[in-house]
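Next come two complexes, and both contain chain A; in the first it sits with chain B, in the second with chain C.
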Partner chain A sequence: MGIDKELNIKDHLKLFREEEFKELFRDKASKYESKIPEDEINKIKEWHKSREYHELNWSREALVINPIKACQPLGAYLAAIGFEKTLVYSHGSQGCNAYFRTHLARHFKEPFPACSDAMTEDAAVFGGYNNMYEGLENAYTLYKPEMIAVNTTCMAEVIGDDLNAFIKNAKDKGHIPQDLPVPYAHTPSFVGSHIVGYDNMMHGILSQMSTPSGEKKDRINIIVGFDTYIGDYREIKRILDLFGVDYILLSDPSDILDSPANGEYKMYYGGTKLEDLKDAANSKATILLQKYTTKKTQELLKEWGQDVRVVNPIGIKGTDELMMAISGLTGKPVPEQLEIERGRAVDAITDSYYWIYGKQFAFQGDPDLAYGLSRYLMELGGEPVHVMCTNGTKDWVEDMEKLKEEFPQGKEMNVYMGKDMWHLRTLLIQEFVPFLIGTSYHKYVERDLNDLGFPLKLIRIGYPIHDRHHLHRFSIIGYQGAIQLLTWIVNSIFDYIDNDTKGMATTDYSYDIIR
Partner chain B sequence: MPLNLVSKEEAEKVVQDILSAYPKKAQKDRAKHMNVVDESFPKDTKCVQTSNVKSRPGVMSVRGCAYAGSKGVVWGPVKDMIHISHGPVGCGYYSWAGRRNYYIGHTGVNTFGTMDFTSDFQERDVVFGGDKKLTQIIEEIEKLFPLNKGITIQSECPIGLIGDDIEAVARQASKKINKPVVPVRCEGFRGVSQSLGHHIANDTIRDWVFENKHVDTNSFAQEIEDSPYNIAIIGDYNIGGDAWTSRKILEDMGLSVIAQWSGDGTLSELVNTKKVKLNVLHCYRSMNYISRYMEEAFGIPWIEYNFFGPTQIFASMRKIASLFDDKIKEKTEYLISEVYGPRLQRIIDKYKPRIQGKKIALYVGGLRPRHIVTAFEDLGAEVIALGYEFAHADDYERTTHYVDNATIVVDDATEHELEKILKELKPDLFGSGIKEKYQAQKMGIPFRQMHSWDYSGPYHGVEGFEIFARDVDMAVNGYVWKELTPPWKRV
Partner chain C sequence: MANLDLEQLFNESNCNINKEKSEAERKKGCTKKAKPGLAAGGCAFDGAQTVLLPVADAAHLVHGPISCSGNSWDNRGTRSAVSQFYRIGFTTDVGENDVIFGGEKKVINACKEIKQKYNPPAIFVYSTCVTAMIGDDLDSACKKASVELGIPVIPVHSPGFVGSKNLGNKLAGRALLEHVIGTGEPIFTTPYDINLIGEYNIAGELWQVMPIFRDLGIRILSSISGDSTYKELTYAHRSKLNVVICSKALVSLAEGMKQKYDIPFIEGSFYGMRETTKTILSIAEALGDEDLIKRAKEYTRKKEEETKERLKPHISLLRGKKVLLYTGGVKSWSMVFMLEELEMEVIGTSIRKSTEKDIEKLRHAFEKNQKALIEQGGAKDIIRIMEENKGDILLAGGRNMYTAIKGRYPFLDVNQERVYPFAGYDGLVEIAKHMVNTIYSPVWKYAENSLFMESAL
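Coming up: the complex of A and B.
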């Protein structure tokens, strides 16, 4: 901007590189900070590169450093907000609510309305029922929801509050109408992670809002899981529409978490219709697009007598499984349009896989994404060498072991559960691979490895992505999603190659204009 | 002269509209938290503005918790100590690197600010207690991060509920590692907001840094030269580099800033602060406690200052200089008239015509809503509504000194209240937090995050005002705000 140029205003991106500030930093460090001398710092950095440090780090038993997992309520929030006119409500301390809303808003760049009933010390002594009575009444009066989905945070769980009784009493005492649906889930943060919270809330809402009438309708339920790509919700609906299938998408936050800027703020936008939710038990089948995020929910669906299929529609094989699941359940053939799209995705892979073939990757994130992406990377000829889930579980590890056998490069794959980002950091130093797929937090690993002399490149796929814009809008499932993922991955490889070859008169013979 | 962009009657009507939507009990309570303040308002608002009390359940308050106030605000930025988020995984994860407390250091080696250390409580820890685990965690930290200067234990809700004795763990551990290990009882259910967390954190600095409970911290302090000009910056968390631009002004004046609390701060600086001649306090709300303590214990005077915008910067510089000798006073006058003054006048000349007459609404923490008022006025804009998440009576009292036009002042606002204010008063800019940002933008109201400077900054000091003016202009004059209504719907 002209106005800016004339005044030469510098913000933190450039300001503190000015000599006067560098001088100020030197002065502060040398006179006041009791700073560790540089050579001692460098010694520690060398030690960080050693096998010894890695082994010491991996022998940790109690300390967790930079975990790539959130706690249960965060997942419960995402599950609940995808229902029509549903108010997310947290029973516990109010700070938790502020944290969940903040974290989710930073990812989606959208408002994430949710209430807390703000329990304080007195509730620890007497129980949180008064908070719940008044909280439900206030929330209902002010925000006029048609459903309130209640989850818990630590405090309520530790003191053992009984949600079922509290909600019933709130209705009996007239704080909220008897017929207001208030499904709930206990979501203790000291059990599992956000994906378990998603499962618990989904299970709570489905089990309390829907009961089988005995009749089975020729209709499929879809549960997407803890999926933070808004495009995925739209993609699965588009695919089902192309099939001409009658379906209910159970939790569809694609409108509320991607609402238009048009001068008006609405707290509720779209979502799964409550009428559909109530009838969901009568669908003949449910397809779930994530496995480890929906364990308890799957049990419920089986109890409902539904045909339950779990697929992971990332990449070609994964999407093929989705196609065959839909086709198998409905008897409808895969639409020509989708077959053409499959062909396009395969075509795109034939264009690009030469650049991915043999390239080595590490991944850290949620288990369903880990599984789908590892398989897709292998379809592309890549080698997922380190696949790590802080919130991975034994059944996930078993599935990953089986996946290894499906591809020749599978034998190179190492699978780790329960490990955090500091584990990943020293692992990558010891067994370096150039590409890391992860979250915004992983930029610290990229920086650290680069600082220690390892040219690591981060590709952002997963949750959260707080430092890049709009990636969450795309779809990563289906054949279209496969093309999207391929685009991110192959172009990141090109960025890496360009950066590595741009040396003028040294390596820039390979700095090609054609690739 | 107030611009009076909103009349007192208009403002009072908004307050009435807000209240009418509440159930009776909440309505009665919320009425006490809202006032329309202008120059005729009593300067002692202690009796009329209710604050620092429990939020009503279910109203969608913006507030956080004591843990956020201690780990997230006061202790977290002390860069060469390791802060354990003690309890389940979430609190540490959500607050991980989320506040842009800038610092210089080799993260993971001698500084640890953008890392998340957690005890990741599992069910068994809640059932059997986490003290043994905590002891082991401290041992593991010592092995893996030997250059740390000390450890704090930031308690999350379950710790206080299950009866863990983190004080005993801290006592034993600090003797073993011969470094301060500070137990902080900042469980999220304590108090009513972040504010008690600030206080609790201040008290633990008093006990474990100054009063040497367990370990003598003096050995952690660098030896410094005694000087009549030694001062400390208190209550600046260096968001986007705020403390650095503030430090520059104070050093330009001829003073020596020997400690920053706590942005880019170190244990050495904390310990040395007892040797300063003056504490200058920016965020009164979060660090007045330790300032008062140092005054009592070491006889160190403290004064509040405000480095937002030229009017306040210059007034604060003079106020600080008045406590020193003529050399400092002369240097200060020279800086104002010859260096900073002309430099900032260029900014005002450029930006004031673009910002003149704009209506501003602010809803932030415990300090900024009042502190920034004059900076907006320097640019020709007027604050028409302001509110605090966690202010106390003394903050509201101070607020009246900044406000002379009809301004809605709201304490612990709810989502409903903010929405009404935005809808009815249609400010040209809303400055608040990330939870409020996208709602305002959907309504077509330009927005700046006023906790994090919307990832820009610094906003403190001379360079800070330049960036602030640029950002306000960028927000209120952005082209996209004209495009919210499609041409076929325009009247």
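Coming up: the complex of A and C.
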């Protein structure tokens, strides 16, 4: 701080605004950039506002612009890292691996350990088994995992590598010990999205690591799904502990993705115990907190003969359903503590709901979050008008259509699947709503719309959130999570109102201290 | 100590109760003393600020320890397009030394600094419990400051201990009558000049009814005191008619102006279609202009038709819903009419801050079916009445809002912190919209059922 000031050191926020740089940019623009005239830019801006442009945009068939989805391996990474001493291993190109690690690290602000066998051109021609043998051996020697969870990238999938055979051969040839568990999943990026990858990896790990012994234990499994709120894992554990229920949380990344700064780095930290994983098939039931993220896994659980419950514990009704599911499966009453928390959440909503009712929202993100948040917004009296999932599926659309009928607030809800952020952009211009719930990427939509004269306000809920810190630490599920979401939503509304009324001697008659 | 002349303050010849009282009783006034040990409402200081704080371009200096200013700082929903100056919290921040040696000098010095920094047209100086008890001579301090600075410095004798908020309203009214009204002259006058008394532009309600006056060619000469300037108050005595909006608070000011300046006054309300129309017609009649009366009749008829049309979709959702009104003053009855216009059923209303006249109106309104007139309020009573009558919504103020929420009743804030304006024809549509939103909010469904019981079964 002090020394920066002394030496007059400026960062990029300030440095390039100095006259010297301004001149440099101007000079470059006028001489070499064949700059587009200002009025031409304004003309295009106006065109972007037109219905015509919107219709052209929505009739796009080939081009996808700013899709709000990631690919399968990214989801597989999150599923796999939640198991004890498990190495996330990607069979395919090294670049994919680097991307996923970066992307996840930027969200969690934590290192994300994962490795790849770095397939190259010769592997593309002759098959990737050599990379796999060498990769598994090196990874095992170097990182000493107790389990390696293998996923694939597109490259391996296009040439059709047989993971099962490769892993078996790697063991037979002595590259890795015979008894080292190496569950795998095929996760081509060109099919589905990160939520499908999560499902495939979870399915792979469960099906290959656990088999029912015939005996059913009085215990329930919990699968959270592709959930990037660390607090959610802790919240579900706390809730189950309050119930006094015996449970196994299948994939629990809450330690490794939120580890303390205590002077040492642990590559493996916390996670679901492997012995629990092996016994998971013997639990009498499983509760899944996401639906569209766990389709294949649900099938497996049913094959295991388990009582399978899917709930979406976002908001009051969603959490009520979770409570009833736990209570119903275990025969235990809802603990008084949780009943009190429910009362607090309802109290918090009633403190704020009159600022939310009648307000209109748009959402873009993952389908499970879309469902839970839309329902919660309606519980708050808000109106989700545009709900968009790039990776939405038909069954999701059907569910959303049913949800609309449950609330009068759902009257104007439009549900879109397969649409990208550029679709959202022109849709919001044509059918404007003031609040958008989305990811960090949506700040561009916010800025674009603001620039075009639409006062859009972004509320960051979802994945990824790269440009705001610590939001991922909180919980958005359960009654506590309902309060957290409410806090973000209602305070964003106040920020919006304050911003809208702060005009000196123009609109500040409504710039109030009490809201 | 506080140099109060209660006798004069309660000189309300129109009041039925006063008429029946003996001379001696009348002198005591009718302000109710708060019962020790009970949760009570605001004090006289708070009441004085209610009336005067909306004078937006004046400085409001609180002569007292920090919390009088600190707790009231920018706490009212009164709005002004004139200036946001009134939102600045000025205080002498009286400390231990001042208590021992007196704080008059501090008042003068504070006024000097205000003048230097902001140069406002006037300064209101409020006394508080502490400064009244230590015997600061506020009148003389203000006089000195005023002479020295060349701007009016108005003492407002409003120590909290003298009584309720309502008494504070009257004290502020007296300060206006003694020190402000009659000290200036308007540039011109018209035969259609009126004052609105007791409309504080909470949530912009004054603005909501202003188009009505504009359309009819009636000029609001002085608004006492919503969205007002100091200057417009100084020439309030040139108006042809005073229209008292919140009757209990400032009817004494209207009485005073009648005696001093011979300005007649009427009481009115802008809550609900019928009351708004009635108020407008009585203003027209009081001004006595045949053409105006004709126009007003035509105008209100048209407005009512329009409003009825706009209300239709809301009424279908509100019809028969049971509402408990817990508010004060003129609202206690005028809002009853308003709610009945929405075809809702009023199960009770509070009368704690209402005048006898207000109550009379209520008795009349409730003649057919005996409803609860709540004298002494409180959270528990509210919830009890809601329970007994299976109420659907509670209309009250911020202090009771959180209680209602505990009782899990839909709630709409109709008091000082209300967020939305409900005055005039537009206000009726507005309140209908908000009641629909609140009654039909899905949250109440969740609030009702207990998971605990369900899961145990």
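The rule we apply is simple: the second predicted complex is superposed on the first by the 507 of 515 C-alpha atoms of A that agree within 3 Å, B and C clash if a C-alpha of one lies under 4 Å from a C-alpha of the other, contacts with A are read in each partner's own complex, and residues count from 1 in each chain.
Everything below uses one rule, namely that contacts are C-beta pairs under 8 Å (C-beta built on N, C-alpha and C of every residue); 3 or more make two chains touch, one makes a residue touch a chain.
Small disclaimer: the values here were computed from a predicted structure and weren't measured.
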item: Which superposed partner A:P260 touches (first chain B, second chain C, both, neither); value: first
item: Touching partner for A:Q94 - first (chain B), second (chain C), both, neither; value: first
item: Partner chain in contact with A:E33 - chain B first, chain C second, else both or neither; value: first
item: A:F494 touches, of chain B and chain C: first, second, both or neither?; value: neither
item: Chain A residues touched - chain C or chain B, whichever exceeds; value: B
item: Partner chain(s) touched by A:E20 [first = chain B, second = chain C, both, neither]; value: first
item: A:F126 touches, of chain B and chain C: first, second, both or neither?; value: neither
item: Those residues of chain A which chain B touches in one complex and chain C touches in the other; value: none
item: Interface residues, chain C side, partner chain A - complex; value: 73-75, 77, 79-81, 83-84, 87, 204, 402, 405-406, 408, 411-413, 417, 419, 433-434, 437-438, 440-443, 446-447, 450-452, 454-456
item: Interface residues, chain A side, partner chain C - complex; value: 316-317, 320, 323-324, 327-328, 332-334, 336, 338-339, 342, 346-347, 349-351, 353-355, 357-358, 378-381, 407-409, 505, 508-515
item: Chain B contact footprint on chain A (complex, rising order); value: 3-4, 6-7, 9-12, 15-16, 20-21, 24-25, 28-29, 31-36, 40-41, 44-45, 48, 53, 56-57, 60-67, 69-71, 73-74, 89, 92-96, 98-103, 105-106, 109-121, 123-124, 131-132, 134-143, 153-155, 158-159, 188-191, 193, 259-265, 422, 425, 441, 444, 448
item: Touch list for chain B against partner chain A, complex; value: 21-23, 25-26, 54-68, 80, 87-98, 102, 104, 106-110, 114-123, 125-126, 133-134, 136-137, 140-141, 143-144, 146-147, 149, 156-158, 160-162, 188-192, 194, 220-222, 224, 240-241, 244-245, 247-248, 251, 257-260, 264, 266-269, 272, 346-347, 350, 414-416, 419, 433-444, 456-458, 463, 466-467, 470, 473, 484-485
